[in-house]
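Next up: the structures, one after another.
The same chain A turns up in both complexes below, where it pairs with chain B and then with chain C.
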Partner chain A sequence: MTPREQRIFGFAVFAAFVVFVFVLPQFISDFRARDYAYVGIYLIALLGLNILTGYTGQISLGHGAFMAIGGYTTAILMAGNEQFGGPVPSGMQDIWTLPIAGLVAGLFGLAFGLPALRLSGLYLALATFAVAVAMPSTVKRFEEYTGGGEGIQLFGLPELTGSNAVAPADPNAPATFELLGLTFTQNDWMYYLAWSIALGAFAGAWLILRGRTGRAFRAVRDSETAAVSSGVSLARYKTLAFGISAAYAGVAGGLFAIASAFVNPDTFPVALSIFLLVGIVVGGLGGLSGLVVGAIFVAFLPLWAQGQDLGSLLPDSVIQGDTVSIPILGDFLFKGTSAPGGPAIVYGIVLILLMFVLPNGVGGLFRRIGQVITNRRYSRSK
Partner chain B sequence: MIAAAFTDFMQQVVSGLASGGIYALLALALVIIHRSTGVINFAQGEMATLSAYIAWALIVHHSWSYWPAFAATLVISFFGGIGIHTAIIRPVESGSVLRIVIVTIGLLVAINGFVVWQWSGEPQQLQSPFGTEVYDVGGVVVAAHDIGTITVALGIVLLLGALFRFTKVGLALRAAAVNPEEARLVGVRVSWMLGLGWGLAALLGGVAGMLTAPTVGLDPNMMAAVLIYSFAAAVLGGIDSPIGAVVGGLLIGVLLNMLSFLSQYGMFDWFTEELRLPMALLIILAVLLIRPQGILGRPEVKRV
Partner chain C sequence: MIHRRSVVVAAVGAALAVALPTAFAGSAADPGISSTAIVIGGTSPLTGPAASYASVARGANAYFAFVNARGGVNERKIDYRIVDDAYNPAQTVQAVRRLVEQDRVFVVFNTLGTESNLAVRDYLNQVKVPQLFVASGATTWGRDAAKYPWTIGFQPSYAAEGLVYGQYIARTKKKAKVAVLFQNDDYGKDLLASLKAGLGRSGSKVVAAEAYQVTSSDVGSQVAKLKASGANVFCIFATPTFAIQSYVFANRLGWKPLVINNAVSGTSNIMVLASEGGKNKLVEGTITTTVLKDPTDPRWNKDPGMKQYRVLLAKYAKGANPNDVYHVYGMAVGYETVSLLRRLGANPTRVALMTRARSIASPKNPFLLPGVVVKTGKGDSFPIQQGQLQRWKKGRFVPVGGLWTSKRN
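Showing the complex of A and B:
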């Protein structure tokens, strides 16, 4: 394919995906819509992390902490922290807090990007890991702003869109509310909100990465020495990548807070940071489309490892109420994997095996298949 | 008043040295792996926890007495470390940094899960090899366990130093780490040496785990915070220097306790117990920024 054809093909796939995303809630239950909303939220965070790690080559094991900054910004702006003795009054509508969440997290990202300039490879992994580990106790220390270990409750606040939903006449149907002349259930609203922002974030990431900035990022990743000698400012582009990446994570964190209607230090555990890094590796570093798979992996693998039925991955109409149960690693271990700790064993082993089998992630697999097809085309035309 | 403050001060120093001894042991394990394979092992803390649980299970479930269980645990840890290197680390060693990080994190998650799965998340008690005696030295309380921990940390660093400097295996270990290609040419089994490095680190981690458990309680997550302090210790001392790891560990232990001490007396009153972990993070960042090679390490020279 010529580059032009490739681009048109890419747009067509993206358009088809947008249509798919917007009609999907028609085919899945209201309850599942919320699961898929989380996929959209993770996608935003993964897009940001991939700009930093996949494109600029800077490992971050601490992106959960940037999500926490965004989540807390959103929660504090909505609920205020006057009840803990802090200065912020309540009263901002949830969606308007998201740009601020992104901005605040982005500023923290820029600030962290400066010291991170001097770290590379494993050292950066180590420092960012320490950030993720230190985050919960920092949140607890500044109790008057964050509510400490108790966290901030958002459920039922008027600032939460859809909290005024009324139950319909049918007792089995979910409560609905009106917005902009449309009727939403709370879960559908969350789904559309998360995915609208995720698709916008996707397009934004594509725009950032296709031009001069993206080229500079990749140059830094491939060889810092070569990048500098071609006139790319390492300091500028590395901190910029940190800032953009953290801003994405901040928006994702804000959405996460809205979707959970609650934040506390455990909302953003170290495991979240790990999941995100795993998500971009599964999705394929340095590619955007594979990240959708990465986000599904992040959202569902922990559930799947808990021995949940595969049904939660599939639309209801496919399985029609029957649960398809998948035994994990067989039941040869007498305790089974549903015993406490079992899911973590499965998750850890899956991670290690993935690194053995798919070193470039699912995105890399897609690319390789694509290469095979295009190679054949070229060799035929010769 | 001054005398009381001084006793208090000495108390904090002593207990800081005791927890520093633990950080030093785990930091030593990190340093050995980093020196021999260039990997930072995020699973080091969980490996130590697993060792401590093995010792506990031998003692409680199989009613072994302490020292045979201690020795058996060290042997199991040593071969376990070699096994982990052969089965899990070697295939990705030459790959990208990211793969190594994720594999060691996968290991962390899996081992943590295994401990919970096998022995439940309930906290348990593991006895100390040094007994429970407590000495009173001029008002300062010193536990036999603390003295033992510090002595073991110092003893191990001397042993390791001797191993690296005076034995053929130590020479081969260093050769394999510094220049694998040429070491192979002169007949060093490089992959065995790397495996041996992991075995030694697992063994040290085992010691650290068995000495940590009596003070903080045996718990699947007992090493999570210790790992971060040990990272800080290793970075502070110089990530490739065994002596640096011990010095760094003791320094971190004392430094954090000093902050608690000073905050009690009105200085640094913003400091609370919750800030211990964030302080470790700050130390890591500050050292990496100001003196990346640490106190006793050698600066890394990169050939372009």
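Showing the complex of A and C:
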């Protein structure tokens, strides 16, 4: 394929994906729509993180913290913090808080990008990790702004779009509300909101990365020395990457707060930052399309792992009643969903297997398939 | 436009046509009720800082399995779905939504943790799904029943408990200096405030109070500060992991106060762990309160309820430690749930469940101490309002005085 054909092919795939995303709720249950909304939210965060880590080569183990900044910005603007003794009145509609959440997180990202200039590789990873670790305590420290450990409840607030939904007579049917002449359930609304923004964010990331800025990012990643000698300003592009990346995380965090209708410091734990990094590695560093799979992975694997009956994989001889004995690891009480520690083991095993099979992530697989098609075309034209 | 409106009219008409017959028949079962099963669900900290409490769900699950084996409740089996929330309210929100919207549970049952339950209370009351027998003693469950008609607690309120400790100190110690470690949420704050109320004007007073966060890794610095206050009474208002740490740190610092440990971790299994194999003498003499029969107490060796408890646990929760009193709690709340469901008859509804839950009279729960009554009624939405003070002495609890009954909540 010529580059032009490649681009047309890419557009076609993207358009098909957009159509797919918008018709999907017709085919899944109302509750599933909310699950997939979380996929869209994670996709936004992963896009941002991949700009920083995959394209610019700066590892961040602290993106959960930028999500927290976005999430709290949204929650505080919606609910206000006068109830805790803070200065912010309530009353901003949820969707309008999202650009502000992105902006605030982006500014924090820019500010963090400055000291990060002096750090590279592992040291940067550690510094960002420290931010993720410190975030929950920081949130609790400023109780009058954030509500401390108890968090901020958004459920039922008029600022939450769809909180006026009316329950139908049938107790099995979900409540619906009207917006712009359309009827939504709360879960469908969340799905469309998250995915509209995610697709926009995807296109935005593509536009940023295709031109001069993207080239500069990749140059910084591949060799800082070479980049500098070609006239790329390290300081400018590294801080820019941090800023853009954090802004993406902020929007994702804001959406996360809206989708959960609740934030507390544990909404954005240290593990979230690590899961996000896992997400871009699974999706493929330095690619965009694979991140959709990475987001599905981040959103669903922990849940899926919880549903796996570890006991059913083992021979009957090691299972006594509801107890599964595994040498060294000890006994797992309960079968299936409630086996303590079981989900984490399943998660780990799946991750290791995946990295064996797809060392370059799903994006690497996509590229390989693309190469096969390209090669075939070249050999045909000969 | 006309065209669009006619489409809407047609759609509404069609919807009514479908909805009306069922509305008139009045037999559309509530979600979670089928001809063979009642689906109930709850979250439990199977992992995380409060994972010791997973035994509560395990005990309840064993009791339900026993009832199911004997034919279930009005010929329906209880299908109890337990979801892990790691004691993290943010995860509770998602898990409870999953239970309500995907698993379509009839009730959300015995979800554990004050913050976790607060995080989902507005939601459950809006969608009108019962939040039954909340596993938390925060006072708000009973006090705010009018505002949250779909929520009901179970155990004695922390406010009643704190008051009893305060009164005990006032009665037995002159001019005590009390140091308090408390969890920084409604649970810890309820206990602290009512402890102060109980001390009243006795001359004993709280000289230091240190909060810890659920997410913190240890309480070492708090305990050191409390020791530095020079207090001679140490109140531990903390969950098991932190309570054990408190004993260990206080002992290492050479602090020898009278310890008062709250009911949620003042259990024999926790006391044994805290005593570090008998090395930690600080554990001796600890005062706490309970409503449960302690499985390690030889007084109950021939008690029919506790005999049944051991049989059920051995049969339906294989490998579970019978000395873990949280299993007893689970069975006690399982017992009340089953009798509540039985009283709903052949066609259980959520509305009927909540009505019945506000008029319980159960004087003989086999897993609760004799004399402890589970009772609710008009203006009283606190199921259990009694308890027994007890002291840890040579590896077991001995009762101190008779049952206490809280008059005010």
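Following the convention adopted for this analysis, the second predicted complex is superposed on the first by the 343 of 382 C-alpha atoms of A that agree within 3 Å, B and C clash if a C-alpha of one lies under 4 Å from a C-alpha of the other, contacts with A are read in each partner's own complex, and residues count from 1 in each chain.
Please note the rule applied: a contact is a pair of C-beta atoms (placed from the backbone, for glycine too) under 8 Å apart; a residue touches a chain by one contact, two chains touch by 3 or more.
Model, not experiment: these values are computed from the prediction.
Once the two complexes are overlaid on the shared chain, A:I274 sits against chain B while remaining clear of chain C. Contacts of A:E150 after superposition on the shared chain: chain C is touched, whereas chain B is not. Of the two partner chains, both chain B and chain C are touched by A:K140.
Applying the stated contact rule after C-alpha superposition, one finds that A:E5 touches neither chain B nor chain C. By the document's definition of touching, of the two partners only chain C reaches A:S260; chain B does not.
Under the contact criterion defined above, the residues of chain A that touch both chain B in one complex and chain C in the other are 137, 140, 340-341, 343-344. Considering their complex, residues 29-32, 34, 136-137, 140, 148-151, 153, 155-156, 167-172, 174-175, 187, 260-267, 269, 306, 320-323, 331, 333-334, 337-338, 340-341, 343-344 of chain A touch chain C.
The residues of chain B lying in touch with chain A in their complex are 39-40, 42, 88, 91-92, 95-103, 105-118, 120-121, 220, 224-225, 228, 231-232, 235, 272, 274-278, 280-281, 284-285, 288-289, 292, 304. By the touch criterion given at the top, residues 53, 59, 61, 115, 118-119, 121-123, 125-127, 129-131, 133-134, 137-138, 140-141, 225, 271, 274, 277-278, 281, 285, 335, 339-352, 355-356, 359 of chain A touch chain B in their complex. Looking at the complex, you find that chain C touches chain A at residues 19, 22-23, 28, 30-31, 44, 46-47, 51, 54, 57-58, 61, 81-84, 88-91, 93-94, 97-98, 101-102, 104, 115, 118-119, 122-123, 126-128, 184-186, 213-215, 317-320.
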